[in-house]
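One structure coming up, written as structure tokens, with questions to follow.
Chains here go by letter, A, B, C and D, matching the order in which they are written, and residues are numbered from 1 within each.
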Amino acid sequence: MHCPRVCRAVSALSRGALWRSRVQSQSTASSLDLSGIYPPIATPFTANEDVDYRRLEENLQKYQQIPFKGLVVQGSNGEYPYLTEEERVEVVKVIRKNLPRNKLLMAGSGCESTRATVQLTEKMVSAGADCLLVVTPCFYKGKMDTAALVHHFTQVADQSPVPIVLYSVPANTGLELPLEAVVTLAQHPNIVGLKDSGGDITRIALIVHKTSAQKFQVLAGSAGFLMAAYCVGAVGGVCALANVLGPQVCELHHLCLSGKWDEARALQQRLIEPNTAVTRGLGVPGLKTAMEWFGFHGGACRSPLRPLTDAQTQQLKKNFSDFLI
Amino acid sequence: MHCPRVCRAVSALSRGALWRSRVQSQSTASSLDLSGIYPPIATPFTANEDVDYRRLEENLQKYQQIPFKGLVVQGSNGEYPYLTEEERVEVVKVIRKNLPRNKLLMAGSGCESTRATVQLTEKMVSAGADCLLVVTPCFYKGKMDTAALVHHFTQVADQSPVPIVLYSVPANTGLELPLEAVVTLAQHPNIVGLKDSGGDITRIALIVHKTSAQKFQVLAGSAGFLMAAYCVGAVGGVCALANVLGPQVCELHHLCLSGKWDEARALQQRLIEPNTAVTRGLGVPGLKTAMEWFGFHGGACRSPLRPLTDAQTQQLKKNFSDFLI
Amino acid sequence: MHCPRVCRAVSALSRGALWRSRVQSQSTASSLDLSGIYPPIATPFTANEDVDYRRLEENLQKYQQIPFKGLVVQGSNGEYPYLTEEERVEVVKVIRKNLPRNKLLMAGSGCESTRATVQLTEKMVSAGADCLLVVTPCFYKGKMDTAALVHHFTQVADQSPVPIVLYSVPANTGLELPLEAVVTLAQHPNIVGLKDSGGDITRIALIVHKTSAQKFQVLAGSAGFLMAAYCVGAVGGVCALANVLGPQVCELHHLCLSGKWDEARALQQRLIEPNTAVTRGLGVPGLKTAMEWFGFHGGACRSPLRPLTDAQTQQLKKNFSDFLI
Amino acid sequence: MHCPRVCRAVSALSRGALWRSRVQSQSTASSLDLSGIYPPIATPFTANEDVDYRRLEENLQKYQQIPFKGLVVQGSNGEYPYLTEEERVEVVKVIRKNLPRNKLLMAGSGCESTRATVQLTEKMVSAGADCLLVVTPCFYKGKMDTAALVHHFTQVADQSPVPIVLYSVPANTGLELPLEAVVTLAQHPNIVGLKDSGGDITRIALIVHKTSAQKFQVLAGSAGFLMAAYCVGAVGGVCALANVLGPQVCELHHLCLSGKWDEARALQQRLIEPNTAVTRGLGVPGLKTAMEWFGFHGGACRSPLRPLTDAQTQQLKKNFSDFLI
């Protein structure tokens, strides 16, 4: 694990060479098409908070009926900060085994330090990830300026054998990946897109505009502003709500792509309240509770996340009343 | 001025009766069509910071060439907090005299106290305003909850002879008019719309959705998210940038209304950087400087707003380079 | 009122000369001793929201029994943003008439524009103010940087015949007067102190340190951190709580000055919850309600401030239980 | 590692019994005296970012000359989020080996999940920690309310064989441990104190007041407000600056304890600018750079933290000019 400096340098070099050869030979990074809808899947636990791989597999079976582009594993809704490194990798392995090859497996490999992120990235690729979602480090948020973040993501992208998707989620990290950093990083051949969960639509439009020469792909990080994001140039969405209302979110994608804006608007408007409920409203415990109502295994969260109170469950039910029979 | 309680009560009653009869007889409040583009016009000053009415009139002549729906007088860009009450009313009078009757004159009458807002509202109507833009009071922001704001706007709307448009501008007030307050107030027959300058597109879509029974009209408060706002159901925009690039902003409105989304997107993207420059980037001093470049009188701001530094002027020029010859 | 430029320039000059002569001859600005406790007095209103001058005078009689250094008129607790300019001046006149000459009358003359602040400053001095409390302008908060604020306060101080106290109250204005601005302004001969309501004790200590050559005087803007502020070098306090528990707040001042830190600590700790209740907890409506319990006229606030709910009143009672019999 | 539920329950029980017997027999948790100064030590790295244990030991030798109460290992300044679990434990082992028994070793064992925190707590105790500093989990900050945090810390404290110190550091976590949670947790017999890095002195005073029956001990989390914290009842400090200016920070402690407030104030004021520089100003890279100037090994940080720029180094030098010869 603690291989000497020279060994790591060589290894980094060969890895850099690896993706460069890949890029040039067959599946270039920038050719990876991200467009479409992804549920950032939840991680089911047993009663004593162990990962419940059987229920995870059952969820995966059900997701195959829905026209998703792929799955995001260990986005914020996957409770990844509560998983050990071993669990993070094992979950990806299990999903790869159960996921048809024509579905993208985008795995979260972000850690606080650059070296840990590089190492986990490699493990995720070995476990079967097609591309990686890398969140902004955030603990020392006062120091995570454009220079630090460009350095971090460049190191990770240089050494990753598969393409990288940047991930900005200020509600959790307290930090928005600066627009200048995004525009700079979009020029890296192994960075293909951004999942933006902040929801600032002006910023999303400007990112699309300023990266148009790079075919950089923006994914909306929430179903709440999905239609508006398509409107200004996004190509897809990673939406917590797709864990619950997958067909509806995919339908919204389809309506936007086919220019049926009036129908899209009507559907978008109906999705906002359920979406808010399972994101900033009631968070992952809300998401997992709603999943149960729609035939998926949600179950409990790991502590310190707490189960919903009865009043919260009633509120959630009201927010989904439009979609519950 | 300080008329006794009984007199004011009667007066309020008769005013209430006034708009109710108006509503029922001829031009109902909810029939006032707000759709379209409005520049929130700047207030030109002389070298010693007096209002320069002559230059104001010259600007008005030029704005008549542009297919605006109307003008907003004393939005944030009008430096209204720096004008005396007398100046606020006088500016509206001058504009009314110079504005064709088929253009809407929407005047800002918001003050911190309810009684001052009610009184200024009346004066603005006498001065010729067609409808009023009423900003959230904000000094005691910790106390300005839904109950307080609903009470405030209801009092103002009850006593106003013309329709009211709510105004939420958190960048200046440090306060967002809560969604619950908007939904409640939308049911008031004399409240016809909202200018939302916060730019949270999910919130805008949800407001449109939850007020659809009331034909409540949402105006985007900035050109930065104008297209996205139309996309989710807004009907127009009050855009600082329209003071400078009026024809382009009107063209964006037109493209969105006619469903030319690809052309709209391209134009929207080009407008974001100039828009940011004259709003949260360089503010009113930036707006007034850019106005000079495009043939309008901008001039200085009242103190404590300071003129741009040379470096800021260069930056502004760069942001508008696409539109300067 | 709108005298021509030349007249104003001369006038400013003579005013500048005025305070300079005062400074040099008799009561220099920097010799004004601010140390001590000031209640930022509330403004009583009648049932129909007019200023109730009779009740104001009755409160003043009662305050004379308490060893205050003076009174602050039209700090945030005076609802000054809800008063007209005429009312603001009239209130100061009434207070001057009722206040012994050995008590300082510090009047708030801050407005959004520099010119309005200069004009109101003059009127306040004519009405009898001994010194002025000038709040940061805040509507265009994005532009209120050190340069703008230094310019604003310098203009006001240059033209004021009496000393100026800076006022930073971020909970209401959304803006903290930058430390750099304070340090620069402390060098102005007519600026003698700062009321700091932000409560950042590190900042307060640093301001005392960096202005020690100027004998700049810092007043704590709340009883919540009064002892800590003395500890790091403040000389007094402008405390909402002193409207209710004046003797106790003065006692805390006395204990701190005489180095009885253990007794001071015990008293300080007991004052925090009542203090929080009448400041950021329940605001001016809470303050006015508590005043009634202790023999003062509080009464209603002007709208849009709302009266306390029953639940809030119960909460308030609990917070004051230590001091109610 | 993944022992079955029943085994863990038993284990928790016996652990609970363990500290209860400790508490009742010999060294009760609440008898652990925290008063004094602790440097939250930095972690030195080699050029290729491995932990440099040799330099760590050299720093420890030098710290023995300073009258610290003990050391905090893996507070925010220890870059703990960048260390692997193995490294976190190994660092504690090395420090224990080098630290005299009469110095307290307070080790950070906070992780995002409760189960990981419990496990790391046990390992830290085995490695030699005398007590544990447990930071608030923060990724799902919207869900980390009082109920969730009380549950988390109670679980950890129930299962820890040694006393727990709560740790609130909002600048990094974006989350302040609510006062209600602190007051509740102070009643747990195995929770003995709080390190508060937020610096809200009113809150610190109120915590001291409301936990006085529990002899709960508050440590200031920064040298910037150390004197004020003593003034309102804190008993010590965990101060980044003590890594650089240890003797001076200990002297400030001594002056406050002996009631020499005037001397204390003068020293406190001189320490603020250097303190700000190595905390929110320039962060851990600033701290490590300053350490080099005062004879300690600081060195580089792990990426993504970046070294200081030349301009930042110059600024830092200026901030320390008072203490550099």
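The rule is short, and it goes like this: contacts are C-beta pairs under 8 Å (C-beta built on N, C-alpha and C of every residue); 3 or more make two chains touch, one makes a residue touch a chain.
Quick caveat, the model's predicted, so the values are computed rather than measured.
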{"item": "Co-neighbours of subunit B and subunit A - touch as defined", "value": "none"}
{"item": "Chain at maximum distance from subunit C, centres defined as averaged CA atoms", "value": "A"}
{"item": "For subunit C paired with subunit D, centre-to-centre distance based on mean C-alpha positions, whole Å", "value": "38"}
{"item": "Centre-of-Cα separation between subunit D and subunit B, whole angstrom", "value": "51"}
{"item": "Separation of subunit A from subunit D, taking each centre as the mean of its C-alpha atoms, in whole Å", "value": "34"}
{"item": "Residue list for subunit D, restricted to those that touch at least two other chains", "value": "none"}
{"item": "Listing of all chain pairs that touch each other, if any do", "value": "A-B, A-D, B-C, C-D"}
{"item": "For the subunit C and subunit B complex, residues of the former touching the latter", "value": "2, 5, 8, 47-50, 76, 81-82, 84, 112-116, 137, 139-144, 147-149, 151-152, 155, 171-174, 280, 283-285, 302-306"}
{"item": "Touching residues on subunit D, where the partner in the complex is subunit C", "value": "199-202, 205-206, 208-209, 222, 224-225, 227-228, 231-233, 259, 261, 265, 268-270, 272-273, 276"}
